[in-house]
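Look at the two complexes coming up: chain A is in both, with chain B in one and chain C in the other.
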Partner chain A sequence: MGSTFRESMAWLHTWAGVTLGALLFAIFWMGTLSVFDREIDRWMMPDTRLAASPTALSLDRLVDGVQTLVPADASRWQAALPTAREPLVQLRYADPDRQPVTRHLDPASGTVLPDQGTLAGTRFIFPFHYNLHLGWRQLGYWLVGLAAMAMLALLVSGVVIHRKIFADFFTFRWARKLPRSSLDLHNLTGVLGLPFHFVMTLSGLIIFFAIYFPNVIESVYREDVAAFAREAYGLFQREPAGQPGSLASLDAMAVAATRIWGGDPPYSVRVWHPGDANSTIEMRRTVARSVDMNVDTVHFDAASGAVLRTHTAPPVVHVQRFISGIHFIQFDHWPLRWLYFVLGLSGCVMIATGYIYWLETRRKRHAAQGLPGVRIVEGLTVGGVTGIIIATLAFFVSNRLLPLGAAFAGYERAALEVWVFYLVWLVTFAHAWARPGRAWRGQCWTIAALAVLAPVLNWATTGDHLIKTVLDGYWPVAGMDLLLLFGAAIAATTAWRLHRRGAMAAERTERHVLKAAD
Partner chain B sequence: MTNVLLFIALSLAAYLGFVLLALGQARHWRAASEAAAPGRIGKLALRIAGGVSLSLALCLALFRDGPSFGALLWTTVISVAALVVALTLSWRPRLLRPLAALVCLLRPDGTQEKEGNNR
Partner chain C sequence: MAGRRELVPVLVVVQAALALVGGYWVTVGLSSVMAHALTFVFGRVEAVVLTGMLAFGIYLLLILWGFAVRGVVRLSLGLGFVGGIGWTLPFVIRLTGAD
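The block that comes next holds the complex of A and B.
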């Protein structure tokens, strides 16, 4: 552990980084992609690439379409209303078997769009970021929470063990040997990105306080834990009367809610106990216009349209929602969206270079002493860094290759894409351990190939090629294609440099051997 | 349009602020310019100018977006700006030569500042 404070912090930094780095990279990578989750949705769900509707959506007309879909005895349905980034209505309800269903509706015509058979960005990449899709006993949330705590410790211990924070503030000696240049880049992204990485990690933990510290709520609301949801988030329900009831105009309710919120429109409409005499309508205020993710809610009586209850966040919830808002980035602010993306990538670079530094400073010693450490960690690094990028690209490519309605071995299309992701990721780990030394290069070439294939397949299957989307100014898809091609260029350059370096090293050894023979 | 211009202006102010701070360090000065590195007072002046430029970026961000978005915008912009400065210094340090020349021109004696000259 070391005898001085700095030495023990170095020990902590090294071990936490090496053991949890691959998990942290996965969380950072998926979080970075989640910044553009809605755009990924448009790319992966071609039928939802709708132009923004010129006329305002009529909720009353929408209800007619909804009533044909939602079972008569459903306890509720919810519609997320169109936004600039998501120009469609997202309808959520439970089917007769009580399974949750999500359907997309065209806001202009009210027609139901064909099921796209994918979890895409908002339902695969985004949840992966915070629960790794490990639902069992909330294991995924706890692993991510553990990684986040480790990340905070890594950031603080990293600052402690950094010898020359201000002297090296802008220093990147990229032409020097790998241990030096990778450590410079690790320090650079770590120090300069510190405010962002620290705030993101801490706010991520604060978002899920109810999971990580459930006893906080239990100790305060001993008698009635549900009271917390009522007081904090404005949860409000009425028991169904069992008598049929009518539904007043939803559009009029939306106008009333907008007036209460000083001009902010609702982003979601929820109907509790539809068709019942005690049915209530819950409208939630848009979160697109401020950092703070408000929990403002208005409840209406369905039959009369009268306001039953309005809710706004009490002070502590307000603070929690402000911190959450910084993390969730649900507001409309394009410069910030891109800055988050770039800083998220800088976090990925920080983790990857940390690994590379660890490997390069130990490679010779481990080889000399016959230790397996470098070989194990190198496989973990390659699979954790280039591997998850390949798996993500395979997820995109499989999305364009599988026909709508495809099914295999009892799995539906959406599940097949997820299988492709995990299987490909496993293969990258196997490859990394089986071919040490060559795995980086091979996986970089694979990234380049897949990242070119994805836009080509998008063109072939949807007709939306890059020239068309750029000329039309359809940026969700054009941006995704451009970023894929940009990533392909970086991966190919990296692979080429690794290839050349490998060739040069081989030539050097050959010369040595020849000289020795002379 | 004003919003775009303000964003460009505040990004440039953040970039310039960090360039000035970096030029206040002998190592980066030598990478950018062949002229002699500034002395103690010159370094201090560069750091103050850098700080002023970063503060200007903050004012522009707050003016553009208000307190909550503005503060968030400034914090993220300066992180990215500092990274870009570091990459400029390692890959294209000569791009900063005109700025270093301008700094030389602004020196009291026009050429080189020695310690204690301005005491």
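The block that comes next holds the complex of A and C.
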């Protein structure tokens, strides 16, 4: 690996990056998009583009709408209450087949909105970021965990191998040859975003410590592992009595909870064993007003509205929730949200330029020695970088093209969108390996075309064109359209530059051949 | 010499795998001991959460050391010694009733 510590770290940096870079890019890309997951939801679910309700939400009136949806024998239902970023009620429950269901309600009228038939940002892009939608034995969590540990090792080894880390911060020779300029950009984004990337990666791991190190809980709690969830997160429920019970005013309980939390309102209401004499109401404190993802909870007796139990996290758990809050950024702070987005993108650039540097410094040597390394890694890079961007855009475009209620081969609309994502992603890898050298350019043009098509389709299918949404100040949709068009411009410029570079290289080769022939 | 050169990539892969898997194995052992020990200082829920957070730091250090140490034998011995302590102590504590 190396005879010195620095050489060993250089080896680790190179090979951890080459083998796990594509996975890391996917995680970073989806994490960056997740910063605006609620806004992506509004774009992909046109019926949920509601204006903020001028009147306060009545939970008691909400129950009427809920009871029309939730099966009578359901063990629980949960309602996430409207926020500044999500001006509707999100209802979750299990259908008679025990499958999870998510529906949306208009907080002003209490009416149930039509099923939007999409997993959109909060249920596809965000979970992809931390579990890749690979549920089998939590494989996705473990792969993401492995990539995250590799990222920490990459960041530490990156610092160790850079002799001039401070100078790298101010150095970007964009006009130099590709290996030099890509390394400069790799160093610049790496150094600039180092604290952010380190904190995000470590906090992402800490959020799921119970998955990665379950032994820690088992070693202390032994057989009663559930006690940990009760003590740490305030989980509490009573056994159902089997007798019918009534429901006191949820609005009154919300007022009581708000008083207990010093003015902070609840953000979610969960009803355990609805309709039972032992039914319990669980209210959780808003996380919009502070960094930490608090686990403050009040449990009420559903029939009387009496407080059964209150829960606040112990100090160390509070620290863990604060670290989680830094990662989740659920608090209201728009400038910081944009900073997260930009630094997330800088992480994507750092990974992509690392790959490009590796490829450009080995291309000639591998070609001369007949080694397949560059060709394999180039396919991985193109599919992993531009490929996932194309797949994401295809996901958006399919959302606007598929009619509500669409189904094919037994798959419903939401599943079809996900299939489009994965199939397109697979095709980009095949394209990258089939057309080495030209795949970058072709995929950049595809990104540009899809990123223009998406806002056009949004206009055609919803009537919400960019000028209208900007004039109305409806920024979730306007912002998404603007970012798509901005992305299209960057992709088109890159494709054009690659086209010119290719043409100039071909011209040079032709001149050499002619000179040799003379 | 040629045989030795062919062995190098295999040894590199073995060392990388040892650093990752062995490092995790050692971290699991050490974190179990640490969680036990911290229950004497904090409440049990806090001991668990604090150990859960610190475990990633231990694992990261072990990975970096695993890639930097020269020789698979030295790495195996190091991991085996520390991991052995980490995995044995909880059983000793349980057997002696010290918890």
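Convention: the second predicted complex is superposed on the first by the 517 of 518 C-alpha atoms of A that agree within 3 Å, B and C clash if a C-alpha of one lies under 4 Å from a C-alpha of the other, contacts with A are read in each partner's own complex, and residues count from 1 in each chain.
The rule is simple: a contact is a pair of C-beta atoms (placed from the backbone, for glycine too) under 8 Å apart; a residue touches a chain by one contact, two chains touch by 3 or more.
Small disclaimer: the values here were computed from a predicted structure and weren't measured.
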{"item": "Touched partner set for A:P315, first chain B, second chain C, both or neither", "value": "second"}
{"item": "Chain B versus chain C as contact partner of A:L485, first or second or both or neither", "value": "neither"}
{"item": "Chain B versus chain C as contact partner of A:V342, first or second or both or neither", "value": "first"}
{"item": "Partner contacting more residues of chain A (chain B vs chain C)", "value": "C"}
{"item": "A:F228 touches, of chain B and chain C: first, second, both or neither?", "value": "second"}
{"item": "Which of chain B and chain C A:G193 touches, first, second, both or neither", "value": "first"}
{"item": "Chain B versus chain C as contact partner of A:A94, first or second or both or neither", "value": "neither"}
{"item": "Partner chain in contact with A:T171 - chain B first, chain C second, else both or neither", "value": "first"}
{"item": "First (chain B), second (chain C), both or neither touched by A:F213", "value": "second"}
{"item": "Of all residues in chain B, those that touch chain A in their complex", "value": "7, 18, 21-22, 25, 27-28, 65, 68-69, 72-73, 75-77, 79-80, 82-83, 85-87, 89-91"}
{"item": "Complex contact set, residues of chain A against chain B", "value": "167, 169-174, 188-189, 192-193, 195-196, 199, 290-292, 322, 326, 331, 333, 335-336, 339-340, 342-343, 346"}
{"item": "Partner chain C, residues of chain A touching it in the complex", "value": "1-3, 5, 8-9, 11-12, 15, 146, 149, 152-153, 156-157, 202, 205-206, 209-210, 212-213, 215-217, 219-221, 228, 231-232, 314-317, 319-320, 323"}
{"item": "Chain A-touching residues of chain C, taken from the complex the two chains share", "value": "12, 15-16, 20, 27-28, 31-32, 35-36, 39, 42-53, 55-56, 59-60, 63-64, 67-68, 70, 90"}
